[in-house]
Amino acid sequence: MYDKEKGLFEAFVAGKMSRRELLRATGKLGLSASAAGMLISSAQTKAMAADFDWMKYKGTKLKLLLNKHPYADAMIANIETFKSMTGIDVAWDIFPEDVYFDKVTAALSSGSGEYDAFMTGAYMTWTYGPAGWIDDLNEYIKDPAKTNPTYNWEDVLPGLRASTSWNGVPGGELGSADAKQWCTPWGYELNNISYNKVMFDKVGVQPPKNIDEMVATAAKLTKDLGGPYGIGVRGSRSWASIHPGFLSGYANFGEKDFSVTDGKLKAAMNSAGSKDFHKKWVQMIQESGPKDWANYTWYQVGTDLGAGASAMIFDADILGYFMNGGDNKEKGNLGYAPFAANPAAAAPTPNVWIWSLAMASAGKQKDATWYFLQWATSVEHDLFGARKMDFVNPVRASVWKDEEFRARIDKSYTGYLHQHDVSAPGAKIYFTAQPLFFDLTTLWSENLQKMVAKEIPVDEGLDKMAAEMDQKLVEAGLG
Amino acid sequence: MATGTAKTAPAVKQSRLARKALPYLLSLPALLMCIGILIPFFTAVYYSLLRYRLNLPAMKGFIWFQNYINFFSDPKFWNTLKISLVYAGLTVIVELVLGLMIALLLQRRTRFNNFVSILLLLPLMTAPALAALMWKLMTNPNFGILSYLVSLLGFPDMKWGSDPATALFTVTLVDVWVYTPFMMILLLAGLRSLPPAPFEAAALDGVPRSFVFFRITLPMLMPYILTATLFRLLDSIQQFDIIYAMTQGGPGDKLLVFQVQAYLDFFQATNVGRSAALMIILWAITYALSNVFIKQWLKLRERAHGVA
Amino acid sequence: MDHTSPLEKLIRAALLAIVIIFFMFPIAWIVLMSFQTNESILRIPPSLIFTPTIENYVALITGEMRTAAGSLKLDFMRNLWNSVLLSSASVAVSLLLGVPAAYAFARFKFRLGEDIAFTLLSFRFAPPLLVLLPLSLYFKTLGLTNTYIGLIWVYQLICLPLILWIVRGYFEDLSPDIEHAHRIAGYNWFQTFWKIAIPLALPGIAAAGLLAFIFAWNNFVFALVLASADKQPVTVGALAFVTASGIQYGQIAAAIIFSIIPTFVLAMFAQRYLVEGLSLGAVKG
């Protein structure tokens, strides 16, 4: 290989040179784009290979269980880098998102060692961890013999590292000193406002700054636009309706889902502050939410924004990101804004969803699996995905500083970097980690549906719901 | 058989023995094929007697019938029972009436009728989970063609599956769309295989049509009706795909039928004990229902054979 | 023979028209969607006017899907093949086992006969979820996890009871006299069963087989839990178009059309048997 080119690529991978500079320089040298890609890959390998024996598990074959998701696509697009660097072969099973977690539960609960690692969300590890299906990754991260010295775990955003670690004690604080690292963050989403700039300009409003403004702005949009409705939020009967916008706003007022005293959990959704927030939220949906809000999942919220049926959403930032491209009618019209529901709050407190990678306890080649996990969550792969694929949002602070990535996002996604920069420090999981998470959060969404349908008043509904939850906690020995 | 008389006697003897064994020989392979399934079934029965939540392994323990006893004092369970029975009853009755009506419309053997009857099977061929996805789009207030058509008829605010008042109607509509063809095809085959003699005689005597229908057609068709209804009932009380894809059991707890609840209990809450107990109850209900049906069916069969 | 009045004819035609519209409208709409882009499907209000495109079908056949988040590889044709294989093999096994059993229950009164018949039926009403998870444990032990054989075996839960009970009804409607006559003519039991009973009951067998095929085709929970991605049927495959960057309605519609075609062709092929009912002469009167 020509030393001159290798020097260029190493400078690029080390972040000393921008992509454009690199391309110009390689163009001068007469390299084709694909050859350049190969060299980037070999440079990635070289950057990572410093003082670490990547070839130690050469010849091993790993199998992954993946969700059909842009993050998995980004990984697959770069997998040759891993294979050639380690000599480890990687196969995978991809399942549609709709049935993905059913497949994971089925595979793990049968004790099958078929899959070595798999994609998961942090909430799911609150089940998988105590059930004994996944390993504590601290044993690997903290072992210098197993982990590449340039892995730089501290570079992963602190809120995400904390949110994916838990000591397994019901109500135990996430990221505590005795916490186990159940999975490594891979890509994540936080919840803010994505809005239709054209519609906002037409009506003459700005992205709202707090919940009262949001209720008012959404109502004005609904009224003045004559067609599209003001705000899209999720509402289906599922825990997944609570965790995005709703909990982000809720947490901004300092409200909690459960209180923990002496290791006992108690529902905290019937506090005065909580009731107040619920009332505003319910009113907002009734006045300016989608007509069939109770059916709304990730898909409907996104579809409506992309097709111009809604003027804004309070949901995952990457949902708004996806809707600004593809064959969406409103592509290019979307903007992004941070949102702190509480006027007194200093910054937004978005709850997060973290797509992560976990190691199956039943797997039989764990050291090799860890090689894959550390590569897939490395700075190098994160950078590759963020620059070239839709591996957004990256979980590493250094990638967020990368000029090429920032320039790419800033060009087509107005306000996206800003909303992220402002919110990232407060972005973490605001739920209480406990084994009944899915039962009780689903129950919460069920009650929200009843409130929006005016079947029960908010105050009374929350009191009854809290009582029901307390009873379930007692039955499970947690309350 | 070109055998001599010498062999006749032992052959008869042999055949008597063979005759006794024959029905067992014919039916046992089918039974053996399915019997393996009984083992997991009993495992599940055992699970239902445990306090068994995968993410609370320390709590695991044998608790006899506590999971079942808990249901009695749980209003959510009674809601599940009620809504499952209502759903099954409603869908099966509508599908039976509609299916019978269509079968009668298509009874005459013409090329057109034959073609239409196959065409009407198309909804049944659409997997319910996917059909529900399409119906969800068609009933979407923004993009849905059905919402649009209904708004032209003067109902601009129809909220279909998301409104507690119309949720049951909506999922029933989808169920009827998917499964009425099942009823139709079985009843049509039944109608067309009825012997013509009684009908010809009735026509000659000028017997009123309604009398013919209620006194001749319906009774003769009854075994087919029972079979078709039984299979629909068993499936309908266990409905999952359509309800889960359309509303996930909501709005509120309006459509939280057995399978949806058991599914959530298992796959989300990993509460194996409770989920298994719930399904054993569902199994017991279907067992009892089918028992009634089969008894009736056998009685009808016997009567039919007796007459013949 | 035909003594229907013109008014009645009119009413019957009108009713039939309503029936056809109700059942065919969603199908027609799905066909239309399958020729549209997502952008064109998601219009407010929905409209019939669009520029048709075949890109949804092309994407399914070539296995390349373009979404808001770039291009995705998919293996829909493999899913389709899996469905064909699983459904036809399962129905074939069910027919092989179920038809003789159905004949036995219809023709012979034997000890435990009704009990066996009822037990077989009872497999139909075990909720799939109930048996699935323990089953996944046993499959692991038996080495059946992730095999077609294992899946075909489990599919018997769907197919066998249906075939057994429907075919039994048809056998019971056939007069045993014909078979007796044939036996007296010197044929053995098997020849009579094969040459007389089965051909006479063929419409019932065809109907039951087709229905079993449809139910097997529409199932997806068994394969999802018990097999890996390369053995999933179309029902799971079609869900791949529900992606993080949006639901690709056009491709789901095309996938539905693709998944209906094999069954529909089969139904058209078996039409003669399906809707004939039993041949008249054979039925006892």
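Quick notes on this one:
First chain written, first letter: the chains are A, B and C, and each begins at residue 1.
Everything that follows uses one rule, which is that a residue touches a chain if its C-beta (ideal position, glycine included) is under 8 Å from a C-beta of that chain, and two chains touch if they have at least 3 such contacts.
None of these values were measured; they are calculated from a predicted model.
Contact topology of the protein chains: fully connected, every pair of chains touching. Of the two chain pairs examined here, A-C and B-C, it is B-C that is joined by more C-beta pairs in contact. Rounded to whole angstrom units, the spacing between the C-alpha centres of chain A and chain C is 40. Each chain gets one centre point, the mean of its Cα atoms, and the points for chain B and chain C are 14 Å apart. Contact of a single residue of chain B with at least two other chains is seen at positions 142-143, 266. Shared contact sites, meaning residues of chain C that touch two or more other chains, fall at 42-44, 132-133, 137, 220, 239, 242, 247. Each of the following residues of chain A touches two or more other chains: 102, 109, 303, 307, 309.
Residues of chain C that touch chain A in their complex: 37-39, 42-44, 66-70, 72-73, 132-133, 136-137, 139-140, 145-146, 220, 224-225, 228-230, 232, 236, 239-247. Note for the complex: chain B touches chain C at residues 1, 18, 20, 22-24, 26-31, 33-34, 36-37, 39-41, 43-44, 47, 101-102, 105-106, 109, 113-131, 133-135, 137-138, 142-145, 148, 177, 180-182, 185-186, 188-197, 203, 223-224, 227, 230-231, 234, 238, 258-259, 262-263, 266, 272, 275-276, 279-280, 282-283, 286-287, 290-291, 294, 298, 301, 304-305, 308.
Contacts from chain C toward chain B in the complex involve residues 3, 12, 15-16, 19-20, 22-24, 26-27, 29-30, 33, 41-46, 93, 97-98, 100-101, 103-105, 107-108, 110, 113-114, 116-127, 129-135, 137-138, 153-154, 156-157, 160, 162, 164-166, 169-170, 172-173, 175, 186, 188-189, 203-204, 207, 211, 214, 217-218, 220, 234-235, 238-239, 242, 247, 249, 252-253, 255-256, 259-260, 263-264, 267-268, 271, 274-278, 280, 283-285. Those residues of chain A that touch chain B in the complex are listed here as 101-102, 105, 109, 126-132, 235-239, 290-295, 300, 303-304, 307, 309, 435-436, 438-439, 442, 445-447, 449-450, 453, 455, 476-477. Put simply, chain B touches chain A in their complex at residues 53-57, 59, 136, 139-143, 157, 159-164, 246-253, 264, 266-271.
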